[in-house]
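Look for chain A in each of the two complexes below; its partner is chain B in the first and chain C in the second.
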Partner chain A sequence: MNDAGQLADGIRTVLREHARLAIDPDGLDDQADLYQAGLTSHASVNLMLALEDRFEIEFPERMLRRGAFSSIAAIRSAIEELTGVDA
Partner chain B sequence: MAPDPRFLEAARAYRDELVAAGLLIPTGVPGVMGRGGEFEDTLDRVDALVTRFGASDGATVMRFPPILNKLTFEKSEYLKSFPQLAGTVHSFNGDDAAHRALLHGVEAGTDWARDLPSTDVVLTPAACYPVYPAVAGVLPANGRIVDVLSFCFRHEPSDDPARLQAFRQREHVRIASPEQVASWRNTWFERADQFTAALQLDARVEVANDPFFGRGGKLLVVNQRDQQLKFEVVAPIASSEWPTAIISLNYHQDHFGHLFGITTDDGATAHTSCIGFGLERITLALYRKHGFARERWPDGTRKVLGL
Partner chain C sequence: MTAVTGRDLATLAQKIGAEVVAAAADRVDRDARFPAEAFAALRAERFLAAMVPEEFGGGGHSLSEIATVCQTLGRYCASTGMIYAMHQIQVACLIRHSRTSPFFQRFLHRLAEQELLLGSATTELGIGGDVRTSLCAVERQGDRFRLTKQAPVISYGLESDAILVTARRASDAASSDQVIVLLNKDDYRLTQTSGWDALGMRGTCSLGFTLEAEASVDQIVPQPYGEISSHTMLPTSHLLWASLWLGIASDAVARGRAFVRAEARRKPGTVPPSATRLADVVADLHAMRATVHNGLAEYERVMHDGDELSSLGFALRMNNIKVLASRAVADIVTAALGVTGIAGYKADSKFSLGRHLRDAHGASLMIANDRILAANAAMLLVQKDD
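Now for the complex of A and B:
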């Protein structure tokens, strides 16, 4: 599995534990809209904090936007930008 | 966000006018005001008007003291969102030696309250908080509508007479399916408009956000505004340029339903929404708009208030 795949798996794990989605993250396409899948405002804060813990990052203020957490792909690209991983 | 210095200047000047007119009574603490007899009478009439606007809903009336079960407070996750506004209640439970130390601290001017352990209660931050545990479980098919009124506490000392640390919120709370909540919100949008029109206030509706704390709070603010979860009806109090929120309409989605285990009759997590009428603020907006001589208020305004 490549880095991008591992990263997406890690994101799915965090989603499963913290995002309280209406559906299992394993059944979600990378591009699927997480808000459509039931991600609420308060859950998105839990998700953000859990992602920071797991990937040892801190989302800068410019990323504290709704779009940054709108899909697995969006989260992955934010994490890649912050960790300098070029997948 | 800190208010504009010109706003604060106008707010202080208006506060002084309200005090000179006997409408408000200073206590020495910013944002903690006594209310004069006429102010209170006007406020009661505003409250009665809210009752009339919501009367056809047959809401369940609940009244709670201005203190909240600490466990409810913890469960509500208030501290995640607004730690800076919270007020907790502490009390002495020591022996004679501890009592002497306490009195010594008072005399020496030290922070004696720091050593007092917390009690089982906190100050109520919003009138609707005690409602959610009271309606936990499975809702009837039509959901529920609850009518509450409470003094609320927010730790935000200010010279603005409209930003009190302790104030009354009259609320209607809808606990139901997302569709039922949406329809209820639309009804109250219209009613809020009619309410301010009846009082002849220069009010308008704005998309708003709560003062969520910290980095997580920034995300909550963006989410709240993007999804238009909070609206405020604003009207001039201290300033026309910077009007003050007098009514707020809040949609919590499934936040409280999830935290307190409230479900609709088909087993889904209930959604909740509330409309809060800031009784002091509406009263202040009336004095701002129509002047301190209540007998000279417009006939229409006097009539709906029963004056």
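Now for the complex of A and C:
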């Protein structure tokens, strides 16, 4: 499995544990809208914290936007940008 | 229609306030009835469509100009100011989020032509003020849908020409996956479930209802409610509510000033002791005004910047305006009572502050400050700077 795939799996694990979605993240497409899948604004904060912890990053102010956490793909590109990993 | 400038609008609001709204305010409060004469006067001068863009036949006024109207109306009758504010919040959501849809384009034309009054049903039984969660759902059947909502408060529900209602997108959608639908009076039936014999804001007639509706799927606002909420409904609500609260506070202080002037005239050459208290409360009023105006200026600056509007920092600042202004209005009216003394405590005096005090206490409950601060507390866990 490539890096991007591993990263997406890690994100799915965090989603399963912290995002309190209405459906299992394994059944979610990378592009699927997480807010439509049941992500609340409150849970999105827990999700950000858990992602920071797991990937040892800090989301800068400019990334603290609804859009940056709206899909697995969006989260992946934010993490890639912060860790300098190329997909 | 001839163009009305922002200044004309403010002058006209002042005239309607002083001549029509003020005269009815005590009876509206006492009888907890809809301020019908105020709204007849506002409709006659096309105030309900004042923010609708000119291309749809409205007045094309800015949010700041509408905020000034809310403040002016709030000075004379807080319920009138609140109803006007709530209507304009719904208008703001439609003009910013539904204009690509032919149904809503036609509706905006009709709103402007007929000066329709829009109500709102976001709060739901069992959920309270958590507006980003719904239990009820849009149940589609072909190109029609049905919707039943247990709404513990729909202000002026009986007087509204149409109501904007939040609901889950579909029967199987998550509780946060919401849409907002526009229901015309003939699309719904309201069955009253509770009355409105409240401490204050009595003229808003915020009765509880079971709302049962059937309508066309075209009436679902195309953009997801999450975006409408963060980009428009929350900031506009906080800013327009805060503006009318500023009106309540300003009038309370004006009554305090009038009282101190009368005292000073009685004993020329001395500064009455109440003048020091007045100086204190005027400082608080100026701080409240600065908070509200600063918030309006910020929102108007970033109004079309979707990225900024969905940032945590912006949400925090708008939430803070609601919390600060709602606290300030209750504190300022209470302090004004300290200025007037018994003259303000009495109901039959021209310095009376009873209605102001009761109306002011609705502010911190209307989307509970505790709830807003809890949301801010969560956001601050990830937010880095201010």
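What we mean here is this: the second predicted complex is superposed on the first by the 87 of 87 C-alpha atoms of A that agree within 3 Å, B and C clash if a C-alpha of one lies under 4 Å from a C-alpha of the other, contacts with A are read in each partner's own complex, and residues count from 1 in each chain.
The rule is simple: a residue touches a chain if its C-beta (ideal position, glycine included) is under 8 Å from a C-beta of that chain, and two chains touch if they have at least 3 such contacts.
Note that the structure is predicted; figures quoted are calculated from it, not measured.
Trainee: Just to be sure I read the superposition right, which of the two partners does A:42 touch: chain B = first, chain C = second, or both, or neither?
Mentor: The answer is both, since A:42 touches chain B and chain C.
Trainee: In the overlay, work out which of chain B or chain C sits against more residues of chain A.
Mentor: Counting contacted residues of chain A, the larger count belongs to C.
Trainee: Using the superposition on chain A described above, determine whether A:21 touches chain B (first), chain C (second), both, or neither.
Mentor: A:21: touches chain C, not chain B.
Trainee: Let me test your reading of the model: by the given contact rule, A:61 touches which partner, first (chain B), second (chain C), both or neither?
Mentor: After superposition on chain A, A:61 lies in contact with both partners, chain B and chain C.
Trainee: Does any part of chain A touch chain B in one structure and chain C in the other, and if so which residues?
Mentor: Shared contact residues on chain A (touching chain B in one complex, chain C in the other): 40-42, 45, 48-49, 59, 61, 64-66.
Trainee: Flag every residue of chain A that touches chain C in the complex, lowest number first.
Mentor: Where chain A meets chain C, its residues are 21-22, 35-42, 45-46, 48-49, 52, 58-61, 64-67.
Trainee: Can you list the chain C residues touching chain A in their complex?
Mentor: 132-133, 169, 173-177, 224, 226-227, 230, 307, 310-313, 375, 378-379, 381-385
Trainee: Quick one: in the complex, what on chain B touches chain A?
Mentor: Residue positions touching the partner: 77, 80-81, 215-216, 218-220, 222-224, 226-227, 229, 253-255, 258.
Trainee: Going by the contact rule set out above, which residues of chain A touch chain B in the complex?
Mentor: My answer: residues 20, 40-42, 44-45, 48-49, 59, 61, 64-66, 69.
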